[in-house]
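Heads up, there are several structures right after this.
Okay, so chain A shows up in both of these, paired with chain B first and chain C after.
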Partner chain A sequence: MDAVLIQLLNGLDKGAAYALIALGLTLVFGTLGVVNFAHGALFMLGAFCAVTFQKILTISVKVIDPSITFFTAYKEQAYLEIWFGDVGLTIIDYAVPLSILMAIPVMLLIGLAMERGLIRHFYKRTHAEQILVTFGLAIVIQEVIRHFFGANPIPMPAPDIVSSSAAVGTWLGLSDNLVYPWWRLIYLSFSLLVIGSVFAFLQLTTFGMVVRAGMFDRQMVGFLGINVQRKFTIVFGLASVVAGLAGVMYAPILPPDYHMGMDFLVLSFVVVVVGGMGSLPGAVAAGFLLGVLQSFASMTIVSQYLPGIDQVIIYLVAVIILLTRPRGLMGRKGVMED
Partner chain B sequence: MKIEKKRSDLFIMAIFTIVILSMPVWLSPLGANYPDLLQKFAIFGIFAIGYNILFGLTGYLSFGHAIFIGVGSYTAVWSFKLLSMNVLPAIVFGTLFAGIIAALVGYVSLRRSGIYFSILTLAFAQMFYNLAYSVLTPLTNGETGLTIAAGDPRVLDRLFSDVATGGGLPSTELFGISMSGYSGFYFTAVLLILAFFISLKIFNSPFGLKLKAIKSNQHRMKYTGYNTRPYLVTAFIISGMFAGLAGSLMAVTDPLAGAERMQWTASGEVVLMTILGGVGTLYGPLLGVAIIKYLENIFSAVNEATLHGFFSFLPQWLNDTMVVVVSPFVGEGWHLTLGLMFMIVVIFLPGGVTEGFQKIKNRFTKNKEQEKLKQGGE
Partner chain C sequence: MSENTKDQNTISRRDMLKTSAALAAAPMFFTKGAYAKDFTNNPGNSSTVTLGFNVPQTGAYADEGADELRAFKLAVKHLNGEGDGGMMNTMKPMNLTGNGILGKKVTYVTGDTQTKSDAARASAKRMIEKDNVIMFSGGSSSGVAIAVQSLAQEAGVIFMAGLTHSNDTTGKDKRRYGFRHFFNAKMTGSALGPVLKEEMGTNRNAYHLTSDYTWGWTQEESIRETTEGLGWNTTAAVKTPVGAGDFSQFITPILNSGADTLILNHYGKDMINSLTQSVQFGLRDKLVNGKQFEIIVPLYSRLMAQGAGKNLQGILGTTNWDWQLKDEGSKAFVKSFGTEYGFPPSMAAHTCYVQTLLYANACENAGTFYPPEVIRQLEGFKFDGMGNGATEYRAEDHQCFKDVLVVRGKQNPSTQFDLLDIVKEVPRAQVEYDASIFGGNLGPYKV
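On to the complex of A and B.
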């Protein structure tokens, strides 16, 4: 029972990351009709926003270490600590959550620049060409990051207060040994919050209404005198922010390295396809579903009978769904059917 | 008409054979005439020619061809281990086995088209890659990669000759001819010429025409009563077998097979080669392979010292800035250049270098025509 619950939480956690990336992919696809292979790179850029932010916070200076009296020893001390003392240290400790503040404008700008600079020219081209050009862009982004940050994963600590584990078992009246890292729980609730706000934004605001109408019948909305293109550009920025936030918060779970985007990209494409191209609830549902499936498949009890199933289950499910239900779980009629 | 066509085919083949076989001679001014690089040209040439039969003719963008490279390599190494160090069984089994896997993957993936096809092949590529690392470790030797060992059975070798036990690792050979150096290149070159011949035949055949029809309008093709799937599956299998052949030839050059060859990004590389040269053209993919492999060879070898030497004619401060500007693009940063090149080609020249040539040629001929008109007017 304990193991099942742990795996369920693991799965939801993984699924949350998939769902966030897939949500952005679907938004872009549904509005602009562009297949964006560089979306994984945006996730990776988000994680590196956290890295950069932490680097900025910890800009240090060499000072004399007073604790060593035999000789003059030096130690690195961050400016923040010198200026603000303990408050500065706390700020450094909270680098990851605080970097969200930086990630939102940065990712928005990157998204807008990408759409205006490149994607815009590819609306009328074939899907194959869209895939190829964004694939090239993904490689470029990835290599630029590698040039500046190196090839090794960079460990990013979560804030001290939540770096331990939560006693999930005690809350639920199960065994006390059942614990789960706080940060992962926070990640899960954070993603639910982001997903919720994206949906609220699309369902409750006028802007969202126009976007949904544009997804449904772009030409008609254009006839009504609304600049659909402009709204869609903003949606692209929004998708980029969502991917970036997913990356920022994922940094303490998986130390960011330059090719983490590519690893998540394939998975999230599979998620999008399983959920149904162009369906937002489908993308979210499929993300969580596949995440949970993957973690259950990696349980020893399952791999005893089907060795290696945890490695392929997601892809296997995707292949089966694509062949039997071409529209995916919740795909709308008429969106990308052939 | 028909005879003329045949004659022109023969003519093309003759020229092509001469060009390929004399590569060591005419590439020497470029400094690219050593056998290792030439062999790489030829191997990737086969891969790209095969890929072009699928992507170029039918327009189906596959990200799964690295699977067949991997399968070809693993099969070839197993053939070296179990049967003989002779390369013939290795490439035959490698190609056939890759063909079988391609039939399976193609049969399933080709039920869908467009982007769904791409994602299906992507899913298969990830599946095979993950399996090669985990469950199939007895077959693939996991992360270490599959290599030959001195104690391998090599049944056929032991049957026909006394294999000296002990000593170093045996090397690949073709009936006694060692497969390293120029003999290795010529062996690969002959296979490349053969591959090119097959591709030429397919391009000019009714079968090739049907594949092109699928690319331009599959619906119309169906309305005329054709079932397109058998043709697509056949094209997929053929291109998979070409990839398998290329993979087994990689194992011939270096009897080692690792799962990283199967990663889906490796399929991305062949797409790039095909596109850079010119999708759907006969020579384009080869041109793309030559350009990329040659540039890769040069760019990865460059470091800061060579750059300083290269810009030494400039004043010192300009020299330093140039080195700082250029150095991210060379050496380790070769992939950055590759990515940029990829984007530029897709954005500005979707038809590849071949289209570029065509455009320049058109411009010149047009100018001449205009001049003629002008002269006529005067």
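On to the complex of A and C.
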């Protein structure tokens, strides 16, 4: 029971990451009709917003390190620590959650610049051309990040207070062995909040209503005198913010490196396809479904009988779903069928 | 009769040709360095000689590759008589004079292995065929080392391996043209065993997470051999894909497995991620059957320790070399490297620097660049003054034997470089093993 519950939690946690990225991908595809292979890079940029914010908070003065005597070496002491003592150290400790404040405007600007500067020129081009240009853009972004931050993963610890594990088993009256990292629980809750907010925004606001109408029939919305293009540009920015926030909060789980976006991108595309191209609920449902399946496939008892199944389960499920439901779980008719 | 007499006393055209050929070839046997042009990329009368530095410049080990490249450049500088000479002041015996190699100025070309076997082979092939390198070196992966080592054998160009820790490199995949200065998984196991026994006892249940490629397999095999020899039980050994990123699905089964020790046969980015996530899952805080849960990282480097941050504190492992060693060779190299770049070198940098000097010295000893002669000089070569004490390149498998360092992640690092405490310098005799146990065949000298 413990093992099943912990794998379920872990699957939901993984699924939350897939769902957040897939949600942004689907938003862009559903509104602009663009297959954005640079979306993983936006996730990675979000994580590097956290890294940058931490670096800003830890701007330091260099003092000579007397412990190294072979040559002149320096060690660093953060200004925040010098000026504010323990308060300064606490602020540094909370670098990741605080970096959300920086990530939102930065990711919005990056998203808008990307859409206005590049993506809009490819609206009427084929999907193959869109994939090529956005994939190229992703590589450029990756290499820029590698140039400035190096190739090694950069540790981004969660605040000390949530860096340990929660006694989930004790809460539920189960075994003490059932523990789960606090930060992963926070990530899961945060993802659900963001997903809920995006759906509320699209369902409960006039802006969201226009966007949904535009996703359904762009031409008709245009005929009604609404500048749907401008709204879609904002949606691109919104999708960038969602991907960025997913990246920021994922930084303590996976130390950011320049390649992390690409690792998630492929899986997220599978999620989008399984969920149904252009379907937001489909993307979210498929994200959680595949995350949970992948987690259960890794259980010792499963891998004993089906070695390696955890590596292929997502693709296996994708094949089965596409064979039985060619439009994915919740795909709409006519989307990407031309 | 007269015909017979004539036959005995006169020389036929065929005999004349044979004799001429023998006379023409005779000086070759007695003149040092007179191997004509019958070997790949013979520099001949050129005033320069080119070395190839094939390191990961992109990909997961790019930072390690960058440090290797710094070390190579420093070695070239020292070989050409520039800078403070570094380990050329401490290496014994040594025939290097600071006048290049055999009087030829050393130049170099670089390549990017991308930590991919095919890319590394393509890059090495380009170096051999287009840049005419006489030797190439570098790399941060056993998969890459094994792939380019076989190319070296085919091409007849010596490969001085960089960072490669799989037993296979100098075991079943060993090659006459490949030499490894770095230690290996078997040596890690031998060095770590006594320390594990002393600190963790003889009754433990170990759970392995292992990178699913040659290095991971051989490390798991060697560490299991060691721990099971101590009396430990192996609860499970799970292979994980290289570059998995999120290891949580592999970590959660450990919680209820009954294991009290996790052995991470991961390196680089995988190690940083799996260790970070293991700590987040509270493994280090667990008590299992009254024992404190322990994590062991058999192989780690300072560059990785920087990535793992405080998660590595207190964790045992081994390393090939550390900049804090106090022997004269290490001090000379750290001073030289630190003065040049402003920070201390990594173990990858140390290995690449030493490999370059060793190759150059072997050429000087041989008096030629002719690979079979240089190989013979390297085989069984005993030296000191290059860190890790008295060292020998074993002739049977081209594995270097020297002291191995057992280290622990420092509890309170004073700087970003001061991350490892040296627990024990394990003497070379303790990590030596019979060369025949891993099989393999070095292959011919002449290709």
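Observations on the structure shown:
Just so it is clear, the second predicted complex is superposed on the first by the 323 of 338 C-alpha atoms of A that agree within 3 Å, B and C clash if a C-alpha of one lies under 4 Å from a C-alpha of the other, contacts with A are read in each partner's own complex, and residues count from 1 in each chain.
Definition applied: contacts are C-beta pairs under 8 Å (C-beta built on N, C-alpha and C of every residue); 3 or more make two chains touch, one makes a residue touch a chain.
Since the model is a prediction, treat every value here as computed from it, not as a measurement.
In the overlay built on the shared chain, the residue A:Ile139 is in contact with chain B alone; chain C does not reach it. More residues of chain A lie in contact with C than with the other chain of the pair chain B and chain C. Shared-chain residue A:Ala128: touches chain B; no touch with chain C. Shared-chain residue A:Thr205: touches no atom of chain B or chain C. In the superposed model, A:Asp13 makes contact with chain C only, not with chain B.
Look at A:Thr170: by the touch rule set out above, it reaches neither chain B nor chain C. Contacts of A:Gln311 after superposition: both chain B and chain C are touched.
Across the two superposed structures, the residue set of chain A contacted by chain B and also by chain C is 146, 311.
By the touch rule above, chain A contacts chain C in their complex via residues 2-3, 6-7, 10, 13-14, 17, 65, 67-68, 70-73, 75-76, 146, 150-155, 157-158, 163-165, 175, 177-181, 183-184, 252-255, 257, 259-260, 263-264, 294-295, 297-300, 303, 310-311. By the touch rule above, chain C contacts chain A in their complex via residues 58-63, 236, 238, 241, 243, 245-246, 248-250, 252-253, 255-257, 269, 272-273, 276-277, 280-282, 285, 303-304, 306-311, 331, 334-335, 338-339, 342-344, 414-418. By the touch criterion stated above, chain A contacts chain B in their complex at residues 35, 118, 121, 125, 127-129, 131-133, 135-140, 142-144, 146-147, 262, 266, 269-270, 273, 307-308, 311-312, 315-316, 318-319, 322-323, 326, 336, 338. Contact residues on chain B toward chain A in their complex (touch as defined above): 59, 61, 108, 111-116, 118-120, 122-124, 126-127, 130-131, 133-136, 264-265, 268, 271-272, 275, 328, 332-333, 335-336, 338-340, 342-343, 346-347, 350.
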